[in-house]
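Heads up, there are several structures right after this.
Presented sequentially are two complexes of subunit A, the first with subunit B as partner and the second with subunit C.
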Partner chain A sequence: MSSVILAFVVWAAGSFICVRIAQGPGHDTTAARVAVPVLFGVTILAMWELLVRGLEVSPVILPAPSGIADRFSGSATVLWQDFLQTVLKGALTGYIIGCSIAFLAALAIDRVDFLKRGLLPIGNFVAALPIIGIAPILVSWFGFDWHSKAAVVVVMVFFPMLVNTVQGLADTTQMQRDLMKTYSASYWQSLVKLRLPAALPFIFNGLKISTTLALIGAIVAEYFGSPTRGMGFRISTEVGRLGIDMVWAEITVAAIAGSVFYGLVVLAERGLTFWHPSQRS
Partner chain B sequence: MSVIEAKKLELVFQTNDGPVHALTDVNLGIGKGDFVSFIGPSGCGKTTLLRCIAGLETPTGGDLTVNGMTPDEARRSRAYGYVFQAAGLYPWRTIAGNVRLPLEIMGYPKAEMSERVARVLDLVELAGFEKKYPWQLSGGMQQRASIARALAFDADILLMDEPFGALDEIVRDHLNEQLLQLWSRTEKTIAFVTHSIPEAVYLSTRIVVMSPRPGRITDVIESPLPKERPLDIRDSKEFLEIAHRVREGLRAGHAYDE
Partner chain C sequence: MRNILPILTVLSAILIIWYLGAIWMNSAWTLDRAEGPLTLTEIVQDTMTQDRPRLPAPHQVAAELYDTVIDKKVTSKRSLVYHGWITLTSTLAGFILGTVVGLLMAVGIVYSRTLKMSLMPWAIISQTIPIVAIAPMIIVVLASMGVEGRAVPKAIIAAYLCFFPVLVGMVKGLTAPDAMQIDLMKTYNATPAQEFWKLRLPTSVPYLFTSLKIGIAAALVGTIVGELPTGAVRGLGARILVGDQFGNPLMIWSALLAAAALAGILVSVVALLQTVVMKRMGFAQ
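Let's turn to the complex of A and B:
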């Protein structure tokens, strides 16, 4: 019982300090900006730990953070192997292939009006297919290994990337296009010098949405058959064995990988679209 | 010989509400080194005429030649620089990068590019701002950069579509003065669209008064003002007389009927 009371004391103290920092004189410093979310996270974890212990929650329902951490460090090799299989092989390969194909398709659609009327509806159609339905089919086509997972990811990221790029390529003003015309610029010149830079904010939107989709796609696809490794495989088998702490360890890996993946894309975006009003500081 | 020659020029836009006569029976010759202003109310076709000269619109009737070629051929031989109503600088390029844009497209050698960029930026008094981005400069400076961009390559003709329309009067006066100096130094042929009477009279060797519905030329006024024009020439008797005649021309074209 005392742990439960302590949990609320921790919560009160944590939120009090957070509020004090956020309202204090140094709230605009980098240190404060890092400290507040970190403190908030630590408070949540501490409360979680104390409540699980104090209320004696079964580890099958909700393991304590310390238990998950133990499992995490104890199974580091397995987690790393799953990470390689699912994130680097399945998700990342699919992401690169899918986004590249979508980008090229967007260029073609933009150039040829016939394709705009033909390809966009097909893309739309594919995007509307439930991933749960396609994944087993793709697994039977491309095999149990990561290739079929990459294929699922390709299907998932293709449409958002395509739509964003097509829209971005159309995002120039009449005057900007007229200017290129007065220089009698060729198609490729105005593509490289005007339309692609103008499309970058849209392209990065597509890339950012696709990072999370890629991870989801690669993990879910493993539910429909995979070799005996991979994050999705591990989650589905450990749930069956009531190894919920391992499921949480995999979730932790997925959360970290997803955040880093997204963060890298955001960093690239800041570097390349610094000129856009949304990025100017 | 005329650099720009229009004979019985006509442009009809087909719209859902029926045909719109944007230009009707436009006859005009612009000689080398002229500074010609087109003035008139909205809808009189002055911008459309400029766009026809630039090959951005295609006339539906009559003849139009630029340097003895069709406007489209002239556009492809890069005969003119065009300055739009807004600066239209690309935000991802620095000021120097924006001015270099036409040079890159036209394939100038590298060394010549930087030499030209430096020269035209100097000409519009923007030296020292090469590395700034457009959004870091004021509207007047952006418009000057866009003029530099139009001057960077060797086009003898400068087409300007209300380039100072969005600027306040003080900045506009300053840029008008600079434009005149630039014109006398470079001896370019300039076609200039405006809806400001003082601006038209101050800048031009010839003022073309236009009126709407259908878009047409109602008067062409040769300016007796000397080539050398300080800003206070605008208080002189000749200046006021021309301004008066322009105003009369606008009124005669029923421009202010409503």
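Let's turn to the complex of A and C:
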């Protein structure tokens, strides 16, 4: 019972400090920007730990963070193996192939207005579909190993990436294009010097959306058959065996992988589109 | 309307590629069974009519769709209308839940700097976590808490995917009024509540509808993901799963197309609502 009370004390203290920092004079500094969300996260974790202990929640339902951390460090080799199989082989390969193909397809479509008018509405529609459903089909076509997972990821990231790139390539004004013409720039010159840079914010938007889709695709595809490793495989088997702490350890890996993946794309975006209004503050 | 011809062209190109792919992918099985040499016509004919093709031809899927949508009674367990309805109810429940959560969080974030600083980074991180990893867990946890059936877990997964676009769109929308408009409200001596209801909320409506269109598609994806890995027996995602387990590609493809149609209908309904509401509110179209 005392842990439950302590949980609420932690909660009150955490929110009090958060409010003080946010309302205080230094709320615009980088330190405050980092400290507040971190403190928020730590408070939630501490409450979780204390409530699970205080209410004696069975670890089969919801393990405490400390239990998950134990399992995480205890099964590091298995987790690393699953990470290699799902994230690096499945998701990343598919992401690179899918985004490159979509990018090249967008360049091709962009040259033909007829195609653009036909493909853009369809691409927009397909990007909203639950494409994840093709996972079983692709698994039966390409076999159980990571190739089929990469194939699912390719299909999933293709349309968001295509639509964003095509829109980005159209994001120049008539005035800018005319200027390139007065310089007598060739198609490639105006593409490389004007239209691609102008399209970068859109391209990065597509790349960012695709990072999450890639992980989802790779994990779900494993539910339909995989060798005896991989995050999706581990999650579905451990849920069946009620090894919920292992599932949470995999979720932690997925969360870290997803955030790092997304963060890397954001860093690349900062570096390449530093001139864009959304990056200047 | 000037896009009709290009769209139809692209669609027929897809159909032709689909047929060619079906011939190519199914021919291996045709040749395996063949007792003597076959002519090209015989091969093509056989690839169009297999029971368990690797890639069903479009007309086979259409026939299966017709059979399971029109011919079966809607109460039948084999009717896609029945499964579509299951998926639709979970999608709508998740959509409403996600929209409400997204709206409330957006209001909180716009009005409280503490919430903005503590919640926003986590909302972004939450979307980089692949929800499917959590889907089986949600079902286990809810089952142990005595929640029967899969409708609630599915709706929660749908809401998880749906709240983020609404949150981001509404934060943008609620902060969209420029300084001039906010100053005008101040000169009217408007209370914060009046400023919210009469300025910020109406300004955010176009942003809201844009987010709702993304949100409802995301909710459908979430529901289907919730049906896929979890041994559900009802719903379009479950049809895909069962089709996979019984090695019946026609079942998978017809369920996929039904899901696509459902997505199309849902997004169109929101778009229609948007047109009507925006016209009533006097936004220039």
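Rule of thumb we're sticking to: the second predicted complex is superposed on the first by the 263 of 281 C-alpha atoms of A that agree within 3 Å, B and C clash if a C-alpha of one lies under 4 Å from a C-alpha of the other, contacts with A are read in each partner's own complex, and residues count from 1 in each chain.
Here, a contact is a pair of C-beta atoms (placed from the backbone, for glycine too) under 8 Å apart; a residue touches a chain by one contact, two chains touch by 3 or more.
All figures in this text were calculated on a predicted structure; none of them were measured in a lab.
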Exercise. With both structures lined up on subunit A, is it a clash or a fit for subunit B and subunit C?
Worked result: fit
For this session: Name the contact category of A:Y223: first (subunit B only), second (subunit C only), both, or neither.
Result: second
Problem set entry | Inter-chain angle, subunit B to subunit C through the CA centre of subunit A, in degrees rounded to a multiple of 10 | 90
Exercise. Touching A:I251 in the superposition: subunit B (first), subunit C (second), both, neither?
Worked result: second
For this session: Please indicate which partner A:L129 is in contact with in the superposed arrangement: first for subunit B, second for subunit C, both, or neither.
Result: second
For this session: Look at the residues of subunit A and decide whether subunit B or subunit C touches more of them.
Result: C
For this session: Please work out whether A:F261 is in contact with subunit B alone, subunit C alone, both, or neither, and reply first, second, both or neither.
Result: second
Exercise. Should A:A22 be classified as contacting the first partner (subunit B), the second (subunit C), both, or neither?
Worked result: second
For this session: Give, as a whole number of angstrom, the minimum Cα separation of subunit B and subunit C in the superposed three-chain arrangement.
Result: 15
Exercise. Can you list the residues on subunit A that touch subunit B in the complex?
Worked result: 173, 175-176, 178-185, 189, 193-194, 197, 200, 273, 275-277, 280
Problem set entry | subunit A residues touching subunit C - in the complex, by the definition given at the top | 15, 18-19, 21-23, 27, 32-33, 36-37, 39-41, 58, 60-62, 114-119, 121-122, 125, 128-130, 132-137, 139-141, 211-212, 215-216, 219-220, 223-224, 231-232, 235-236, 239, 242, 244, 247-248, 250-251, 254-255, 258-259, 261-262
Seminar exercise, completed: The answer for subunit B against subunit A in the complex is residues 54-56, 75-76, 78, 80-82, 84-86, 88, 90-92, 101-102, 104-106, 133, 135
Seminar exercise, completed: Per the touch rule above, subunit C residues touching subunit A in the complex are 2-3, 5-11, 25, 54, 113-114, 116-122, 125, 127-134, 136-137, 140-141, 144-145, 214, 217, 220-221, 224-225, 228-229, 236-237, 240-241, 243-244, 247, 249, 252-253, 255-256, 259-260, 263-264, 267
